[in-house]
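Heads up, the next two complexes both have chain A, just with different partners, chain B and then chain C.
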Partner chain A sequence: MASTYKIIDKAILSSSQASIEFTGLGSYSTTYTDLLLMISLRSDNGNYFDNLKITFNSNTTGYKYIAVGGNGSAAGSDVFTSDPADKIIGIINGDTATSNSFASGSIYIPNFSSSNYKSLSIETVNETNASSAYMRIASNMWSNTAAITSVKLQPYSGSNFLTGSSAYLYGIKNS
Partner chain B sequence: MPNKLTKLVINCETKEQIEVELTDEEIAQLEADRAKAEVDKAAKEAEDAAKAEAKAELLAKLGITAEEAALLLA
Partner chain C sequence: MAATYEPIATTTLASATDIITFSSIPSTYTDLVLIGNPKLSGSLDYKWYVNGDGSSGLYSQTRLVGNGSSASSGRTTGANVLYINANTPASGSVQTFIMNFQNYANTNVYKTVLVRYNDAGSETAARVALWRNTNAITSISISTDSSTFAVGSMFTLYGIKAA
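Showing the complex of A and B:
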């Protein structure tokens, strides 16, 4: 792995948690230019999938979203151009997905400390042994000029991420 | 929600990880979000059903099948 790509911290759930929040990112603003989250998540939503929400700096406004995806038989798209867009960024497993399976995904956040609006690219896939499972590629914009100092992940319909879910946060520098 | 919900907070500066009970405000927000999710889901299902119905009506009006319509648009 490139020396410019290093793990900052990780969350591996040993019990259910309503959210996973990485804080203290301001101290990395001069070390790294970009952030990358690698996720493996499952929520307690009573369906085989759930949506994933993200919140920066505990700020609940300014999020926009566009995505394309499919479920194995049909393609689809979602666009939320008006705030608050529910802070949705991707798809994860719900509690009726195949036992012990978790959704996979990555969330790339370039220039997390810049004074420009923050753009994100997200890939997430729902894992279940069935004829239908969702995958989604999304582009997000957080229309805020503040440096990102915290990132919170949260299930949209479920109350908790389930035990075994994980999120790894990497810092990436451009030189 | 019978059990008190917690969140995992990872302080990347100190490397401390703590479980924090959600505040009443956070729980209220969570419940509001879940309620909205249900409303959104119902609205999306209604929208999809209306689109399917409109499509079926149009195909019937044209006297062609969905496969024939797809061929026309290919």
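Showing the complex of A and C:
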């Protein structure tokens, strides 16, 4: 695509890894307006799913999360405002999910260098052809006026992302 | 890659306002994407309409909403405008919404709009809307019911080319 929508960085795991972190984003603050993360993730959590956690600038405070979704039999909505659940942004596959299946998702971060609080738009799914699977749409707010300079993804319950997991970070320019 | 995703217009508010309008939208793209990142001066609801049409009753919408305790779905038909939010966000809060206008310049079809709305303090939602008019969309307006969008709010319209 044009320079308005360009890959900044990527992580494709060739071995298990506790986190995926993109750093040095401050250098893109005048080049791009928005960030988009496209993810394909699976953790070593001993279940068919796990939650995905995000941290900006290594800062562990000021997050809140609200989601709506379904698991194939019911729909519901959650809200988390306390650490560590407030950093959840969506659902990913766990270690007992169908082999070779990875959750897919997108995380849109507009105006990442602004002095406003940061509001995220998130979609994640963990379809595995099993009896249950999750899909979620979610919002997360980081109540901090600092420009985002790093983004860290971690499994919530598991210890590692498994081999084959990937995350692609795009920059989007609005002019 | 090809230039398939291009900014058409953007505004970052230097002063508070109660309406944002993207006008004179060219018909040279296939789809439009509007990214909104408003900060609110007051506790307020906000809505959208196209081509200045805020009175024809030609809008309808289906929504899926989560408010943190329950999921719900509802419909709106025969509306003059459509709201982007269902639960009124707090004063000073920041939202993100993403609107996809499919096939916006095709004069043979009514216009479908997908809306993702995010306010981590009150609601996350997905909406699909229809404007029952075959005219090409040439302007898009986002307006508040009361109070204003605050300084620093950002709105950007992108065009996507299928070829």
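Convention: the second predicted complex is superposed on the first by the 166 of 175 C-alpha atoms of A that agree within 3 Å, B and C clash if a C-alpha of one lies under 4 Å from a C-alpha of the other, contacts with A are read in each partner's own complex, and residues count from 1 in each chain.
We adopt the following convention: a residue touches a chain if its C-beta (ideal position, glycine included) is under 8 Å from a C-beta of that chain, and two chains touch if they have at least 3 such contacts.
Note that the structure is a prediction, hence the values are computed from the model and not measured.
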Query raised in the report: Is A:Thr33 in contact with chain B, with chain C, with both, or with neither (first, second, both, neither)?
Result: second
Requested in this report: Kindly classify A:Ser119 by the partners it touches after superposition: chain B alone (first), chain C alone (second), both, or neither?
Outcome: second
Requested in this report: State whether A:Asp95 touches chain B only (first), chain C only (second), both chains, or neither.
Outcome: neither
Requested in this report: Check the contacts made with chain A and report whether chain B or chain C touches more of its residues.
Outcome: C
Query raised in the report: Is A:Ser157 touching the first partner chain B, the second partner chain C, both, or neither of them?
Result: first
Requested in this report: Would you check which partner chain A:Met141 touches, where first means chain B only, second means chain C only, and both and neither mean what they say?
Outcome: second
Report summary line: Note: in the complex, chain C contacts chain A through residues 1-7, 10, 35-37, 39, 64-71, 93-98, 116, 118-126, 152-154, 156, 158
Report summary line: Note: in the complex, chain A contacts chain B through residues 8-11, 13, 15, 17-28, 51, 53, 86, 152, 156-157, 159-160, 169
Query raised in the report: Where on chain A does chain C make contact in their complex?
Result: 1-2, 4-5, 33-34, 64-70, 75-79, 108, 110-111, 114-123, 137-141, 172-175
Report summary line: Note: in the complex, chain B contacts chain A through residues 1, 5-15, 17, 19, 22, 26, 30, 33-34, 36-38, 40-41
